[in-house]
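Shared between the two complexes below is subunit A, which pairs with subunit B and subunit C, respectively.
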Partner chain A sequence: MAAKTLTINGQLISAEEDQTVLAAARDAGIEIPTLCHLEGLPDVGACRLCLVEIVGWPRLVPACVTKVAEGMEVYTDTERLRKYRRAILELIFAERNHVCSVCVSNGNCELQNLAMKLGMDHVRFEYRHPNLDVDVSHRLFGMDHNRCILCTRCVRVCWYVECAGTKNVAGRGVNSRIITDMNQPWAEAETCTNCGKCVQGCPTGALFYKGATVAEMERDRSKLEFIVTAREKKQWLV
Partner chain B sequence: MVLEDLVKIKERYLAQRKKFTFRVCLAAGCVSANSEAVKEALEKAVAEAGLQNDVEVRGVGCLKLCCGGPLVAVDPLNVIYQKVTPADAPALVAALNGAEPPVAKVDLAHPYFAKQLNVVLENSGIVDPDDIESYIAHEGYRALRDALRELSPADVIAIVTKSGLRGRGGAGYPTGLKWATVAKTKSARKFVICNADEGDPGAFMDRSVLESDPHRVIEGMIIAAYAVGAEQGYIYVRAEYPLAIKRLQNAIRQARQLGLLGSGIFESPFSFNIEIRIGAGAFVCGEETALIASIAGRRGRPRPRPPYPAEYGLFGHPTLINNVETFANIPPIIRNGPEWFARIGTEKSKGTKVFALAGQVKHTGLIEVPMGITLREIVEEMGGGAPDGKRVKAVQTGGPSGGCVPASELDTPVDYESLTRLGSIMGSGGMIVMDETTRMVDVARFFVEFCMDESCGKCAPCRAGTVQMYNLLTKIRDGRATLQDLQTLEELCEVVKNTSLCGLGQTAPNPVLSTLRFFRDEYLALLKDHPAQQHQSA
Partner chain C sequence: MSFLDMDEWLVELQQRADVVYGPFVDTKEYPQDVDLVLIEGAVCNSDHVELLHTLRSRTKVVVAFGDCAVTGNVPAMRNALGGAAPVLQRAYIELADTNPQIPRAEGVVPPLLERVVPVHAVIPVEHFLPGCPPDAGKIKAFLTMLLEGQPVQLSPQEIKFG
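And now, the complex of A and B:
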């Protein structure tokens, strides 16, 4: 495979052809914040946190779906990008009911971690405080829509890794919601295989193991990595 | 079907022409004003007068001056009657002998008509949209025949490129370049899609074209398919346009019957078919990647580009996707040559543009004008300005993605670049005139509410950002906001504009930004902590 040379934040990087800017940056130890990207899942470019500046390109582009090119000059951490990322996080926090102090994922939450890392210490917008359901009908797992950020990782893991196709998105705009099967309670979703991969994929406390209480919910991504590696590289991780 | 057949159909049709023709507008606007009953009454009146052999009553497409509907044109008297009722029918028939009927006539010398230049609408209000022979009699399918039998696909693309035609959906991407890109992509399967998911509030250009002259769009699509090497086409039309759907279905069936769709068109090796896909009411499905997902049976949500549909489109195959009006421009370009087309319009914006003139303006309806005409000519001369002696305050172009052009900038020529410079866009052709009673904060709030409702919810800035924009605008409107809120709104607009995934989110702040640019005082006057407010309360 041909290699491409590019610079990220002034640092010369060599990347594989077909690699995304995000993957190339991570290989080089440059962290770009993301919420909807999860290793092994097809990318959708939805959270817009991995937007980067590329010299000569008219618009900001999501690093997760942009392929590297020879001589590309990428900037991942400019003042402008930091400002936009903080604003997007503020919007997400104001959209639903993200109350860390009572959340199962407190301390292990990607949204919380990003907010701290990017210095999002207050929210300029009015909290919407929507009245949302919690689906705890399933024997093993729960879904708290209050903490969902609609990254659709659970939908993609369900469709592309487990291939069950249970999870989906219903509604549009701010009324979008993750549903199971034909918008039934999770326990009644016949296609669900109870594999729990969606729970492993969730970045926040929206999907959790029943019985986990505040700050107890930790995720084990190695299970997903195991399957994806086995499928894509035909290697069994031990 | 060969050339001789086309000519035969044309001659037969023309030979059947009667001495007089009533052309009754049967586009959606006039139909809603009861024009179907007018047509029936005219047929009855003609029969009662025993004039069946001398008078034809023809249902036609849009006669353009929608505010005067139902409209009836009479040939060869060259008059159009407006606000015709079924009871007027006998008087109109009697008037064929030169009598003066008690029905108001449209002033055809008025700038509303005199300044129009009809390319896309050349058959609108003339041909019977339900009769393919009527279209053929007006040079229909002649361009297709010439393209298939006398031009190579590369020739067709060269002609379209040379004409300077740009996409009429709003963004103005060069059509020839798009066609060439799809043509160059190597793939066993390719698709052509006509985007008829017109959704801007107040816009009805594409609907009118489809209702008035559906064959023109079909012909344009077949020519495009030949140029890029596609065998299957789709027309994605919104369910809210039942009449357009009915006429398209009928037109496709008639074209199949004559062998103009199907295999071996005009006895060439080229085959092409068209199917209709009906949209389920999502504005975002006018965005090309969402539209393609919707045709494929998936949720209508946009995806990041690249890859563009030209490389990776419907079912993963290269796909050419153009707007209704773009396809409707193709037959006359092939027939009259690219030089003819390129002579119309400005240096960078060639040809004409169809606008739906609506809002607080005397004459509302459909207009087609050469690019480069000023907004003032459209609004004040053609539209006659605001009614009831009020002054025009602003013109909104481009729908929810566009902006408000203030009255002081009305001398701006209508072309892609000039409107963009003013913070608006050409858009697909909606043009809403607002008079001095309009409050600009309300206008911005209306369009932001529209975008909020229509946001698909995929990307965070558009989904969560439009809601906050709407909340802030509501707060400003209600007089609860501070300068700080206004600043937050402006910062938010910048974020949503620069970080959203698709055109809907990227342009959703435009109505706010353009009203802030030209009517900032109106925002400031509503703020709690604005000096003027404090003065009033003190």
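And now, the complex of A and C:
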């Protein structure tokens, strides 16, 4: 496969031609914050946390869905990017109800961690405080729409890894919701195989094992990594 | 409580600063010319709004202290019900075991705000110290920076919500 040469933050990098900017950066040890990206799933560019600047390009682009190109000059951590990333995070927090102190994922949450890392000590936008449901109809799992950031990792893991196609997004904009089957209670979704991969894939406290209380919802990502390695490399490494 | 957890350092603090107002102080009236206030709790009723305006006009540095002050946290969960009336209806009528009635006492019970908001939605705030609660070590580190006149810089761990 042909190689492409580019620079990221001034560092010269050689990447494979079908790699994304995000993959090339991570291979070179350069960290770009992400939320909707999950290794092994097709990327959709939903969260915009991974925005980068490319010299000569008119607007900022998400690194997870932008392919590398010869001679590209990428910047991943400018003042402008930090400003946008913080604003995006604040909007995510303002959109639904994130009450970390009483959340199953407190202390184990990718959103909370990112807020800490990016220096978000308060939210400047008005909180919307929508009235949202919690679906605990399923025998094993629960879905709390208050904590969902619509990253669609659960949807993609359900379609592309488990191939069940139970989860989906309904509605538009601020009314978007993750649904199961034809927007029925999870327990009545006949296509669900009860595999729990969506619960493993969720970055926040939106999907959880029933019985987990405050700060108890820890995930074991190695389960997903195992499946991804098995699919991509045909290696079954435990 | 977390503040009291600073144990013997409180003695040191007391030598360097006068505590002029708060739950441990008898004064009912917020004093003039205060250097620093740590304000905790979300803004839920009209008394809270009034106190915030008073303390802002009499204080140099205002700190939103703890998740409730910084985000609204648990008290703000009532906002999802849609306003003060449905909240009172739910708490005092629907969930009442006996004698359902909404408490009303002009001038005694301050009316609820329609929506619970964080402190910075009402007055400008200089610093934010999240945490539920912010633990003693974090409060101490924060106060030390202010006492020594250093710029306030908090580590990722020190701005964790929850």
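Here is the rule we use: the second predicted complex is superposed on the first by the 238 of 238 C-alpha atoms of A that agree within 3 Å, B and C clash if a C-alpha of one lies under 4 Å from a C-alpha of the other, contacts with A are read in each partner's own complex, and residues count from 1 in each chain.
Going forward, a residue touches a chain if its C-beta (ideal position, glycine included) is under 8 Å from a C-beta of that chain, and two chains touch if they have at least 3 such contacts.
For clarity, every value in this text was computed on a predicted model and none was experimentally measured.
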Which superposed partner A:Q112 touches (first subunit B, second subunit C, both, neither): second
Partner chain in contact with A:L150 - subunit B first, subunit C second, else both or neither: first
Partner chain in contact with A:C47 - subunit B first, subunit C second, else both or neither: first
Touching partner for A:V102 - first (subunit B), second (subunit C), both, neither: second
Partner chain(s) touched by A:R172 [first = subunit B, second = subunit C, both, neither]: first
Which superposed partner A:E126 touches (first subunit B, second subunit C, both, neither): both
First, second, both or neither for A:V65, with subunit B first and subunit C second: first
Which of subunit B and subunit C A:I88 touches, first, second, both or neither: first
Subunit B and subunit C contact sites that coincide on subunit A, given as residue numbers: 124, 126
Contacting residues of subunit C [partner subunit A, same complex]: 64, 67, 70-74, 76-77, 79-82, 115, 117-118, 120-121, 125, 128-130, 132, 154, 156-157, 159-162
Subunit A to subunit C touching residues, read off their complex: 93, 97-103, 106-107, 112, 115-117, 119-124, 126-127, 129-132, 215
Contact footprint of subunit B on subunit A as seen in their complex: 44-48, 51, 59-62, 65, 83-84, 87-88, 91-92, 94-95, 124-126, 128, 149-150, 152, 169, 171-176
Residues of subunit B defined as touching subunit A within the complex: 282, 284, 299, 303-304, 452-461, 463-468, 471, 488, 491-492, 495, 498-501
